[in-house]
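A short worksheet on the structure shown next.
A, B, C and D are the chain letters, set down in written order, and residue numbers restart from 1 in every chain.
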Amino acid sequence: MIIDRGMKALRAAGARAYSAAAAGQLRVGIIGAGRIGQVHAETLAFSCPQAKAVRIVDYFEDVAKKTAAKYGIEHAGQDYMEIINDDSIQAVWICSPSSLHKEQIIAAAKKGKAIFCEKPMATSLADVDEVLKVVEGEGVKLMMAFQRRYDPNFARCRKAIDDGVVGDPLIFHLTSRDPAPPPVDYILKSGGLHNDMAIHDFDQARFMMKSECKRITAYGACRINPEIGTKGGDIDTALTVLEFENGAFGTVDNCRQSPQGYDQRVEVFGTKGQVSFGNNYPSIVEIADNSSVRRADLPLNFFMDRYMDAYRNETIEFVNCVLNNTEPKSTGYDGRAAMVLALAAKKSLLEKRPVETAEIKP
Amino acid sequence: MIIDRGMKALRAAGARAYSAAAAGQLRVGIIGAGRIGQVHAETLAFSCPQAKAVRIVDYFEDVAKKTAAKYGIEHAGQDYMEIINDDSIQAVWICSPSSLHKEQIIAAAKKGKAIFCEKPMATSLADVDEVLKVVEGEGVKLMMAFQRRYDPNFARCRKAIDDGVVGDPLIFHLTSRDPAPPPVDYILKSGGLHNDMAIHDFDQARFMMKSECKRITAYGACRINPEIGTKGGDIDTALTVLEFENGAFGTVDNCRQSPQGYDQRVEVFGTKGQVSFGNNYPSIVEIADNSSVRRADLPLNFFMDRYMDAYRNETIEFVNCVLNNTEPKSTGYDGRAAMVLALAAKKSLLEKRPVETAEIKP
Amino acid sequence: MIIDRGMKALRAAGARAYSAAAAGQLRVGIIGAGRIGQVHAETLAFSCPQAKAVRIVDYFEDVAKKTAAKYGIEHAGQDYMEIINDDSIQAVWICSPSSLHKEQIIAAAKKGKAIFCEKPMATSLADVDEVLKVVEGEGVKLMMAFQRRYDPNFARCRKAIDDGVVGDPLIFHLTSRDPAPPPVDYILKSGGLHNDMAIHDFDQARFMMKSECKRITAYGACRINPEIGTKGGDIDTALTVLEFENGAFGTVDNCRQSPQGYDQRVEVFGTKGQVSFGNNYPSIVEIADNSSVRRADLPLNFFMDRYMDAYRNETIEFVNCVLNNTEPKSTGYDGRAAMVLALAAKKSLLEKRPVETAEIKP
Amino acid sequence: MIIDRGMKALRAAGARAYSAAAAGQLRVGIIGAGRIGQVHAETLAFSCPQAKAVRIVDYFEDVAKKTAAKYGIEHAGQDYMEIINDDSIQAVWICSPSSLHKEQIIAAAKKGKAIFCEKPMATSLADVDEVLKVVEGEGVKLMMAFQRRYDPNFARCRKAIDDGVVGDPLIFHLTSRDPAPPPVDYILKSGGLHNDMAIHDFDQARFMMKSECKRITAYGACRINPEIGTKGGDIDTALTVLEFENGAFGTVDNCRQSPQGYDQRVEVFGTKGQVSFGNNYPSIVEIADNSSVRRADLPLNFFMDRYMDAYRNETIEFVNCVLNNTEPKSTGYDGRAAMVLALAAKKSLLEKRPVETAEIKP
C-alpha cells in the first residue's frame, strides 16, 4: 500500500530534478495567481535568491500579468501548459483550484519537474493514488503545502519531540478554530469541515505523533449557523479522536467560529514531559487598567497573517529540497494520509461509529 | 428516575436539619480521622466558627483521640454509632472507607442529621439509589464532597459561564493528571481509573456544562506501568469523550503520571467566548538565566496542597447550607450522576463503543 | 553603631526567652485588637497550635472582649500592663498605635518577654535606638513585622538569590502601588509616603540585596490628588533610587493609586540571571472573547487579601523563633535600617540631592 | 533653540523632496554596505515596491558590488559623491561610520535629497546643530533611524498612550540589556554606554512620554568586565533617572550583559492604567517536564533578529513619508534630543549630580 512505503524510492528518484537544478538558481513556474499564488510569488521574488520565478499563469490573464509585473516575473499567460512546456523550468508551484491539481501534477511530473502543490493533490483518493503513481514513476519531488509544518511554533514543538523532551507521546490536543464561518456557498464547495479545515490538523497530528493513525471517531454538530447544516449539509463544530499505531491518542478540536479570533494551539503530552503553545498576537503588549488586565490586541485573526512566516518558509524549504536533493517535511504521502483521515472522519460522523483507517479505500 | 428529579423535594425536606440547627453553632460529628478527616477537622476547628466538631471516631481509636486533642474535639471513640446516637449532633462528616458509606449515610439520615460525604456515596449504583431513597425520604441534606466545585479556579470558570461570558458551550477540555502512579495494590482496590480518578472530572464536566451527559466514549491504554494493566486490570492513560444534552461535547484527559506534577486544567469554549485556567504554583516567581526562562517551581504537586482552599471552602459551604437551608453545589444526585458516567466510561472501554448513559441501570 | 552590629549578640541574648518557653506551648499576649491584631489573634488561635494567646487588650475594651470570645482567649482588658505583668506570658504581639510602641516594647523587654512588633518600633530614630538598647540589654528577641519577607513570592525570590541563581545583584526594581489614595487626614498622620508606604519596599530592597544601602535619592510628585500636597504636605507618586554597599542599585516605585488595583512586583537582575514576580489574582482564570483576552479578575486589591499568607506565616515564624531560639528574618535592626532609609529619602526629596545614609543620625 | 522648535517649518520645507518624487517609484542611494546597510538594501529590494535602490557605495568597493548584485542595484561604487551627484536619486540611506554622517547629510541636503540616517547625526552637539541648520535651510526631510519606534511592541505601547489608555503618564521603566559585552576595543570607540546604548532608550523615553526631559541623573558601575572601566573608561551597568516636563519620571536600565539574552522591555504607568511588554522569543512554545515549566527557547538574542520587523518598517515608513510628504516618527530633532540626554547622563555620572538638560550646550 502506498501509504506504507518508505521514502527511500522517492528520495532516490528525486535525483533527476536535482541534477537539472544543480547548475545554479532554480527556475520556477507558478500556476495560479490568486491569493496564495501571490504569497509564493512574493517569497520567490524577495526572500529566496536561490530561485527565480520565470513564468506565472492564471485563468484571469490580467491577474497573471499584474502579478508578473509586481514580482519581476518575465512571462505571464493563461495556460498552464506554457509552464509545463518550458524546458528551462525545473519546478512548478501549483496554486490553482483543487479540481485542476491532478492533471497539472501529472503533466509536470511527466516533464520531470519538481512539484510544490497546495492541498489537496486531487479530489478523490483514487485520483490521489493515480497521481502518486505517476510522481513516483517519474521520480520527481512532490511537496504538499501543509504550511503549519513550517511555522515556528509547530516546528519547535516537533523539534522538542524529536529531541526526546516529551518521551513517548501519550495524549495530544490540537485546537484549530476559524474566526468566523464562511458563507454557505463556500461550505457547499468545500468538501465539508473535515476535508476543508480539519485536514490541516490531521496532518499535524501525524506530524507530531510520527506514527500512523489507525482509527478515527468523529463528533460534530451544527451550532454556529444552522444553514451550514440545512443548506450546506455540513457541521460547524467538531471534535475528532485519533488513535495512533504508537499507542497515543488525542483530539482535533475545530469550530468555524472563534469569538477571540483565529485560534491555533497544540499540546502534546508524553511519558517525559509536555510541549505546547498558544496563539500569536500582533504584539505582546499588555494593558492593565480598572477594567481588566488584558492583551492589547486579539490574536492574529487571519490565516494569511498567522501563517505568514510559514508560507514563506515552506517555499524556501522546497527550493532547498530541490537544490540539495533532500526530502521535504510534507510529501505526497502525507497529503494522501491526511485525505484518508478526512474521509475516515466524515464516514465516522455519518455512520456514528469509530472507523478504522484501513476501511478507507480508493 | 432519580437522576432526573429536580432539587425541589430535597430542598423542602432539608428544613428538618435546619430547624435543629437554628439555635446557634452547628454541632458536628466526624466519622474517620484519616488524612481527609483531619483536613475537615482542622477547618471545623479553625476556619468555621459557626460550627463545632464535638465527636470524632476512627477504627484506630488512638488516631481519633490524637486528632480530638489536636483540634479541641470533646469526644473521641471507635464506633460511628456514638455519633449517630448523639442527639446533640446535627451534622456528620463521613470520611471513612468507601465500603462503609452506605450504612453510615443511612444511619445518619434516619436520625435526621445533615450529611457531608466523601465520594462515593456507595459502591454500586443500586446501593446509591437505596441511599438516595432514604436520604430523600428522611428529608435530610446530603452534600457530596466534589471539592473542585469549591476551588477558586473551577468556581470562577463556572461563574463566567453563569455570567454568560461563554454563551452556549460548544466544546470543553478537562485535564487531570496525577504526578505519579499509585502502587498496583491501590489500583486493585480503586475500582479503576474512571471510578477513582476521572469521576471528579466527570462531575466537573456536568458542573461546567450545566446539562446532563447523554453518551460517553472511553479511550484508554496502559502506558505508564504495564503492571497496572497486567496485575491491576486497569488503564493508566485515558481520554473520554462526553456528549451532553445541550449539544456540547468535550474531553476528559487523565493520566496516572505527569512529569511536571499534578496537572489540573479546564477550557470551556462557547458561542460567545472561552474561559480557561492552567496550573497553580507554590509561588509565581520566574527565573531567567542562561539556561532558560522558567517558573521558579513546578506546579503544586499534591492534591492536598492544590485543593487546600477547596477542602476548606467545601466544609464551610456545607455548614452554611445547613444553617441557612440552602442547597449545596454538589448533591447526592451529582454523586449518582458522576458514578453513572464512570460506569458508562468503563463499559465503553470494555465494549469498545459509545455508551448511552441511559444504558446504565442499577 | 547599632546598625552595623552583627546578629551574634542578639542571638546569644535570645536564650533567655527561649528557656522560659522551653516547657511547652508558647503563652502569648496581644496588645491591640484592631484589624491587624485580629489577624494575628486568628492565626494564633487556628493556625499555630504551638502557641496560645491568653490575654488581649485594647483601648476599646469591648473590642478586646469580642475578639477574645471569637478566638478563645481567656482574658480581655484595656490596659497593656495586664499583659506585661502576667508572668505566665512569654511573648507579646504589639499591634497598637505607633506612638505607643516604644513604651510597650521597653516594658515587655524589661520583663524578659519576646516581642513581635508591627512597624515602626518607635516614631523617631533616637527612640528607636533607645528601644534597641533596652532590647539588647535585656537579651530578648524582637521581630519587626515586615510581612513581605514571609510572603511566598518575596521569600521565593530571596531563596533564588540565596541559591546563587542571580549571581551578584546588579539592578533591582520594586513596584508597590496602592489601589487608591487614602483620605488627606490619614496622610497627615502617616509621616509621609516614604515612612508610611515605601518603608516596606526599602526593607525589601535590603532583604533582596543582602547588603546595606549607602546612598538614596528621592524623586516625587503630587499627581493623583493635589490636596495630598497642598493640605497633606506629601507626595503621592515616588521613585527612589537606592545604592548599596555591594555595588548594586535599583528603584522603589510607589504610587498612592493604581487603576488595576494593588500592584506589588519585584525584579532582581544580576550577573548570572534574573528573578521576578508579578501580581497575585483571586484566581488564574482567563477569558477570551471578542472584546479581549484577559484575566478574569483584577489583582487582589487589598493588602489584607494580598498578604493573608504572609501575615499568617510571620506569626508562626516568630512563635517558632522563640521556641527554637532562632533568629527571625526581620529584626529590630531591620526596623531601624528601614527607618533610616525612609528618613534619608524624605531628606533627599526636600533637599533635592542624593543623601548618604550615614548622614542620618538620631 | 532648535530643540524647542515645532515641526511646522520642516513639514513645509519637505515639499521640495516630495515634488521630486511625485512621479512614481522613489529612487534611492545607499551609503554604506555594512550589516545595517545590507538590511536596508534588502528591504528596499524585496519589501518596498514603491522604492528602488539604484546606487550603493562602500569604502570596500567589492562589498558594495556584491551587495548590489544580491539586491539588484544597478550601480556600485566607493565614493558617496557618486550618489550625491546622481540627480535621479531622490533619497539617501546613510549607513556609513558615524564620523562621516555630518558631511554626507550636508552634501545630500544641499542637493535636495531626502535623508534617512543611522544615529548619530554627527559626533558632537555643535556638529548636530550645524547639520540641522543646513537640513532646515534646504527644506529636506531627515529621518533618524531609531528603529524601536517602528517595532510592533514599542509602537503598540505608544498607540495605547495615544489612545488615552494610560492617562497622564506618571512613572516609566525601560529595560535594555545586551546579551554579552563587546570587546574593550569597541567600548573605546563607542562614546560610552550612554551614547552607544542608552541613547536608544532615551529616545524611547521621549517617544513614550511625548514630552521633553528636563533633568537627568545617572547611576552606573563597571560590574561585568573590569577592563571596560580600567581600559575603556566606561561603565557596563547603568540606571538613569529622567524627569520630564509633563511631571512624569522614570528609569532607563542598561547592562552590557544579560544571561537570558537580549532584554528589551517597557512599562509605562499612568493615572488611568499601565501598558507594558516583555521579550520576544523565537517561538512561543512551552515545555513542562520534571525539571521545570519553561519557555522552549531563550529570548531573541541578537538585535538584528529582535528588531528585524522594525528595521524593515522604518525603511518603508521613510519611503512613504517622502512619497506622501508626511513627517517621520523620528526626526533630526529627535536625534538631537537623544544626544543631549546622552551627554547629560554622562555629565551626571562624572559630576555625581542631577544635570539639567538646559545645561547641555553645543
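Quick note on the criterion: a residue touches a chain if its C-beta (ideal position, glycine included) is under 8 Å from a C-beta of that chain, and two chains touch if they have at least 3 such contacts.
Since the model is a prediction, treat every value here as computed from it, not as a measurement.
What is the chain whose Cα centre is as far as it gets from that of chain D?
Result for the farthest chain: B.
Can you work out the whole-Å distance between the CA centroids of chain A and chain C?
About 59 Å separates the centre of chain A from that of chain C.
Just give me the whole-number Å value for how far the CA centre of chain B lies from that of chain C.
So the centre of chain B lies 40 Å away from the centre of chain C.
Considering chain A alone, which of its residues make contact with at least two other chains?
Those would be 259-260, 272-274, 288-290.
Which label fits the chain touch graph of this model best, line, ring, star, complete or other?
It is complete, because no pair of chains fails to touch.
How about chain A: which of its residues touch chain C in the complex?
Where chain A meets chain C, its residues are 259-261, 279, 288-290, 292-295, 298-299.
If we count contacts the way the header does, which residues on chain A are in touch with chain D in the complex?
My answer: residues 45-47, 49, 70, 152-153, 155-157, 160, 165, 272-278, 280, 282-290, 296-297.
Would you tell me which residues of chain B are touching chain A in their complex?
Interface residues on the chain B side: 167-168, 170-171, 173, 177, 217, 219, 221, 223-224, 237, 239, 241, 243, 247, 249-251, 253, 255, 257-260, 263, 269, 271-274, 352-354.
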